[in-house]
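In what comes next, chain A is part of two complexes: it sits with chain B in the first one and with chain C in the second one.
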Partner chain A sequence: MKRGRGYRLVLVAGIVAVCLWSLFPFYGLIVTSISPRGELPTALFELPAHPTGVFWYEVLVKDPLWFHMRNSVLIGLLATSISMLAAVPAAYSISRFKLRGKETIYLAFLVFHMAPWISLVFPLFLLIRNLGLLDTQFGLAMSYLPWNIALAVWLMRGFLDVIPQQAEEAARVDGASPIQTMFRIVLPQVLPGLAVCSMFIFNTNIIEYIFALTLTNVDAVTLPLKLSGYVTEHIVKWQLVSAAGLVSMIPTVTVYLLVRKYLVYGLSFGMVK
Partner chain B sequence: MAKIRLEKISKHFGKVTAVENLDLVIKEREFFGLLGPSGSGKTTALRLIAGLEELTLGEIYFDDEPVSRLSPSQRNIALVFQNYSLYPHMSVYNNIAFPLRMRKVPKPKCSSRVDEVARLLRIENLLNRKPRELSGGQQQRVALARSLVRKPRVFLMDEPLSNLDAKLRASMRIELKTLHKQLGITTIYVTHDQVEAMALCHRIAVINEGKLQQVAQPRELYQRPANTWVADFIGSPPMNLIECSIANEGGNWYLRGNGFSHQVEGRLSGVLSDYPGRKITLGIRPESIVISQEEAPGSIKAQVGTVEPLGDSLVVHLYIGKGGTIPITVKSPPSLTVSPDEAVSIHFSEDGVLLYGKNGKLLA
Partner chain C sequence: MLSKDNKYALILLTPAFALVIFLFIYPLSHSFYLSFFNYDLISGEQSFAGFKNYIRLFGDPDFLWSMARNLFYTAFVVTFNFIIGFAFAELVIQKFPGRGAIQAVILLPMLLMPAADAITWRMLYNTEFGLINNFLATIGLDRVTWLAQSSTALLAVMIADIWAWTPWMFLVLLAGLQSLPQDVFEAARVDGASTFKRWWNLTLPLMKPVIFVAITLKSVDTFRTFDYIWIMTKGGPGGATHVLSSFGYLIGFSTFRFGTAAAVSTVAFILAFLLALGLIRFLMRRTQ
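Presenting the complex of A and B:
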């Protein structure tokens, strides 16, 4: 069926509208971050009359975010790698082996994943404090594991279920152990899944606020906490929040660029045949 | 190279019996076929031999050594799967080298072995490609190369040609046979395609519903099927099986159906005189029946139904008996001219007649 000019016009207008809607917050952040004190834009597309770089100077040089970014990234990497190391073999077992009650275990992961984070804060606080891990990067990373692992088991099982199993039987005949089979035959086939899953967990962890607020104090303070510090009792330093917000996107964007190759395929996994 | 002995092996999946009490001996260097319709248990039997499934009962011996407790790799078997099961993320070279790497074969030896089998299967120019860049036939060769590379004791093939098109299948068949002749590895070949089994195998075991029906060489399997099930399964078009009653008149033996009669002579009359029952099944291959336009003594009147001119032969579907109730299929030379609804006579050639008892077992 050949579609007319009108159809194309509506389509393009729609795409432009969605793009504008999605990009506007970034525009807002940029404009706000260069507005002088007391001159925040009030209208939608108002540009600051006297743009300034003092707030960028503050978040990059004077009171830099690097310390907190390092904390965030470290915690994110730690939590993601430990979670994946635990969750991938678990998902593989659930996907491949005959285990009594494995569907119940799987369901338990799912249900756990749905538990509101706030309900976990207090028990986790007690646990982390008793382990002497309060205000450490490791302690905060550990507190993310329950949610991370539940999510990763759930996602990875989906990816593992759809790859054909005969290659694994061939590997068994060829003399590979179950561990070798997993690492050399199965995981290379689900690289897109691993990429999507790791990226999702990493991003969720580095922007997490409630656990970070409860479990850290000075040494392990992360970016979101630092940003919330700009909201003071008397004044909200919107320019600093905006500039710091833009800076704190760096890790996420970096990770995205690193795994971009696998992303499109991974996100559409199982939908295209 | 090994002799394989299956001793009363059974496999149950819950309440389902996939393989029941299977007894087989496969000789060294033999090309042995497991033939049966889908769901007959032939693939399960192969997977039991490979060690991918655990036996419920019985024991498997390779050269008199029990192997049922050994893992697939310890049994040193090679398995070629129906869908090839190549490792999709590895190059052809790495696919073929994988079994050697798992056995920690040193690199130089590994690469010379890979080159050797690649040359044998004429895939040297494909070594750097990924499986998805290969045609079906090429993938099949890679799968064969991967299984040959570590010199297995036993070669197991699970319908290896069924994913190829008809022409390629025929040429791969010849290649498999040549390969077996060159290497002499004991081979078990699972297929549902009787032509493939007949063309390739020294001996064939026919399996139905997990039970062994007959083990025989292709020729015997075709000429003397052990029971009515095998008689019906082997051959295309299948054997005519006609229910008859036995009669003796004036010292001559007759097989009679509803409105037809066939006089039995020679060796078969001896069988009939010893046979206790009154009902018997007459089996005759379509090519053992002769159609003629003229009536002769001892011939049976028939009415032509449909005619299929196949080029090299003419398959004629006829009806005999009172009211034309008994269908008969005849394979004639292509020179014969008959037309639908024509009245003809048919004659059973005495050598082609087989008799099956009440339990369906071959009597003679």
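Presenting the complex of A and C:
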């Protein structure tokens, strides 16, 4: 197919626009993170005259983010594993059995997934306080479960619905119980789906803010909350927070790299189909 | 009498049910219950209030504005997510060298955590050294106190949100575009249909289900926005950027009137539910 000059022009303009739009805030972050105190550039393409690494040193070594990153990752993993253990059998049940009212159950999970966080912030705060779990990793992970489970049921049903069922029927005829069939025959066929689903859930957990703000204080403070802690009413440590913001991309970028190959598969089968 | 299959189906559903009842249904009911009481978090005093919390809220212009602003915020942000995300998806679906790299560049904003997005944009809007004001100064315009004046603060927060979540919209639409049947387009091309005609008469109608799901999901998600507003403006200046979550959160955790806060969250839940109804009805029709 022949493409004209106009086409190529539009294409190049589009690429330039995309790069400008996506990258200029990162340019701001990088420049700020290496500018000395009181010497932030005030002109457009001005670079710091005396670049410094002290803020990177502080964020990586002196007052490290690792503690908070560990919290984020542990809480994220905890909530993700509990919710997958609960949600995968539920999704399998909804996908395969002729249970009366199962579509209603499925839609109820969808409603849970869409509930605004604010609708549970106050009662969950009271519940977790009464359980004595405020400022603990487990307490915060608990508050993620309702959303996690709902999302997992929804996505996993999408993956399960599209895999062929002959092998399962054969196994059932041979006398395997539905639970054996699920583990031995069905789940191995949806491994990419399981991976994508866990990664999506894990990612929503490590970037979560409002429950971390409400339920943690010192010991269980996660990365997003630590970041917003650099910003107070009167003083903002711009250089520190810029360096920290960039460092905080480590877990999200890792998730992205792990799931990259299956992203489109995950979105088109789990969500849209 | 349950059949054997039904028994298994219920056993498999039980763990998820138990957790959801304990951590969703029970708290939500508790919140609904609390919304009919005066409940002070600090003293722990609780007294029946009937509909007073709701009456007070619906007589409070700040609450009504938060509600209206929340809906406007959702519509505005999702519209631009969609337009920009679709344009990006159409760009990446073209065949050119380096499109993998461009796709990664488009996704970058999503890899920065929302809290970091909010702080970054606060910095970009800074009057003295923010990039946006540096740009305005370079082309000879006045610096703008974006987040400190009520005429621009909401727009400024919405732009940050649009920037951060357009990659999500892009991904879903790209997945949709990649699964379109190519032969139909080939046929249309042979018949001499122009690029725009092909897009309008083929791409859009074929993409309709994907677009519908993407927009509804993004709307529900944007409707519950909290991080950007809380970190960038805390609802200020003078309440000009409050939405339901920030308004309710402030009542709950700075005045500790949990009864009123619970009433705000009940209203938020009902509105989100109505928004989601569209999607749910659509999915119902499909599964039947």
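Definition applied: the second predicted complex is superposed on the first by the 242 of 273 C-alpha atoms of A that agree within 3 Å, B and C clash if a C-alpha of one lies under 4 Å from a C-alpha of the other, contacts with A are read in each partner's own complex, and residues count from 1 in each chain.
We take it that contacts are C-beta pairs under 8 Å (C-beta built on N, C-alpha and C of every residue); 3 or more make two chains touch, one makes a residue touch a chain.
Just so it is clear, the model here is predicted, and its values are computed rather than measured.
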item: Contacts of A:Leu85 with chain B and chain C, given as first, second, both or neither; value: second
item: Contacts of A:Tyr256 with chain B and chain C, given as first, second, both or neither; value: second
item: Chain B versus chain C as contact partner of A:Ile185, first or second or both or neither; value: first
item: Partner chain(s) touched by A:Leu124 [first = chain B, second = chain C, both, neither]; value: second
item: First, second, both or neither for A:Leu225, with chain B first and chain C second; value: second
item: Per-residue touch tally on chain A - higher for chain B or for chain C; value: C
item: Interface residues of chain A shared between complexes with chain B and chain C; value: none
item: Contact footprint of chain A on chain B as seen in their complex; value: 50-52, 71-73, 77-79, 81, 83, 85-90, 98-99, 102-103, 146, 150
item: Sites on chain A touched by chain C in the complex; value: 1, 11, 14-15, 18-19, 21-29, 32, 40-44, 46, 82-83, 85-87, 89-90, 92-94, 97-99, 102-103, 105-107, 109-112, 114-124, 126-127, 142-143, 145-146, 149-150, 153, 177-179, 182, 206-207, 209-210, 213-214, 223-225, 227-228, 230-231, 236, 238, 241-242, 244-245, 248-249, 252-253, 256, 263-264, 267-268, 271-272
item: Parts of chain A lying in touch with chain B, wherever the complex brings them together; value: 164, 166-167, 169-176, 180, 185, 188-189
item: For the chain C and chain A complex, residues of the former touching the latter; value: 5-6, 8-13, 15-20, 23-24, 26-28, 30-31, 34, 84, 87-88, 91, 94, 96, 102, 105-116, 118-124, 126, 128-131, 134-135, 137-138, 163, 171-172, 174-176, 178-179, 189, 209-210, 213-214, 217, 220, 223-224, 226-227, 230-231, 244-245, 248-249, 252-253, 258, 261-262, 264-266, 268-269, 272-273, 275-276, 279-280, 283-284, 287-288
